[in-house]
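Heads up, the thing below is written out as structure tokens.
For clarity, chains are labelled A, B and C in written order, and residue numbers in each chain start from 1.
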Amino acid sequence: MKSNIYRIEIQTQHESELINITGTVFDLVKTSQVKNGTVLVLSLHTTTAITVNEGLPDLEKDIATLIQKLVPDEGIYNHARFLPSDGQMAINAPSHLRGALLGFQVFFPIENGNIITGSRQTIYFVELDGPQYRTYVVQIIGE
Amino acid sequence: MKSNIYRIEIQTQHESELINITGTVFDLVKTSQVKNGTVLVLSLHTTTAITVNEGLPDLEKDIATLIQKLVPDEGIYNHARFLPSDGQMAINAPSHLRGALLGFQVFFPIENGNIITGSRQTIYFVELDGPQYRTYVVQIIGE
Amino acid sequence: MKSNIYRIEIQTQHESELINITGTVFDLVKTSQVKNGTVLVLSLHTTTAITVNEGLPDLEKDIATLIQKLVPDEGIYNHARFLPSDGQMAINAPSHLRGALLGFQVFFPIENGNIITGSRQTIYFVELDGPQYRTYVVQIIGE
């Protein structure tokens, strides 16, 4: 079994943002030369998410609006205090909670060198507490 | 490492529906003859989900009710406009958002030819915008 | 491809509780001696979850509070009736639904014998209907 691990670094631009990473994931599957296996995509942060949806700007807005409604900015959170480890106030409880609802990892099969996704499935890296410098990992296992 | 990929096609019957696919997944693990590995189950659509819960009709109703409450039909969505690519109005924003909350993929280990699940874990294909003709994928990797 | 499967049993202490299992998962990756592969963590119960977030007690409270808000104890649920199979009333619909929102499984890559996680990513077993005796599974595949 081969395992190819790629760390992809991105500078996000907005506080909340869905970034289409489908092309990058597809390219890495080709680069890996794995013919049959699985590609795993995961974020290394707790105020981001990985999600999949149809690649339409209006849906991106609806996803952002939904998680802001379910986890409102103006809520009362325990994670809202001085964090000695960070040297600053923690004010991003909603970012953490939104990530927990969306999840932070997905996978897809690889068959004959091609990733299997639905024709409307777009893979998104979701920034929930940006702008920040972020890393996500693409692992391709198989043969 | 062996990789067996099965595409399962189903005609859903209702607009919103939880379909028990546990038996199909178990059967495919047997068919694959993989003794030790992992089975991955994922939907190829963005208005469906894959979820796991106790296999009780009353819980199926509660899951459907919950996501309809969190993402109401009567909400205001950006994804509610004429889509040239589809030749019709997009009116299924809630279906997309409900899928994002439930997720669309799960996995289970395989040990000595048997899938490891909890005794109450039932695997569901969740239709959120039916009835439609749908495809989900079962991939079995291992040896 | 090697597959090492570990069943970890825990006695939870509270009705609702986030239990940090990061150390156990890291230790099992070492024990497995898998150098390159993937570790899968999943719960075998439908009233629990596996989630990942920054390991702070205040965030643990916020996660518990959020899912209690989204799925209130005092809601009206179908899963609230005498269950002959259990010999008692089912009163834990919220526990099932909270698990469905958080999800019950995660994975991480293994590279040169080390699990790849973000520096703030803590892996949690989430009790939603305790206290109970629970089992989660850690599977390590690779070579």
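We take it that contacts are C-beta pairs under 8 Å (C-beta built on N, C-alpha and C of every residue); 3 or more make two chains touch, one makes a residue touch a chain.
Here the structure is a predicted model, which is why all the values come from computation and not from measurement.
Engineer: For chain A versus chain B, which are copies of one sequence, does the interface use mostly the same residue numbers on each side, meaning over half shared, or is it different?
Structural biologist: different
Engineer: Through what angle, to the nearest 5 degrees, does chain B rotate to match chain C on its C-alpha atoms?
Structural biologist: Between chain B and chain C the superposing rotation measures out at 120 degrees.
Engineer: What whole-number Å value describes the gap between the mean CA coordinates of chain A and chain B?
Structural biologist: Inter-chain centre distance comes to 20 Å.
Engineer: What positions in chain B touch 2 or more of the other chains?
Structural biologist: 1, 70, 101, 103, 107, 141
Engineer: Mind listing the chain A positions that touch chain C in their complex?
Structural biologist: 1, 3, 5, 40, 42-46, 70-71, 77-81, 83, 90, 93, 96-97, 99-101, 103-105, 107, 135, 137, 139, 141
Engineer: Considering only the defined contacts, which chain A positions touch chain B in the complex?
Structural biologist: Per the stated touch rule, the residues are 1, 36-38, 51-54, 56-59, 61-63, 65-66, 70, 101-103, 106-111, 116-121, 141-143.
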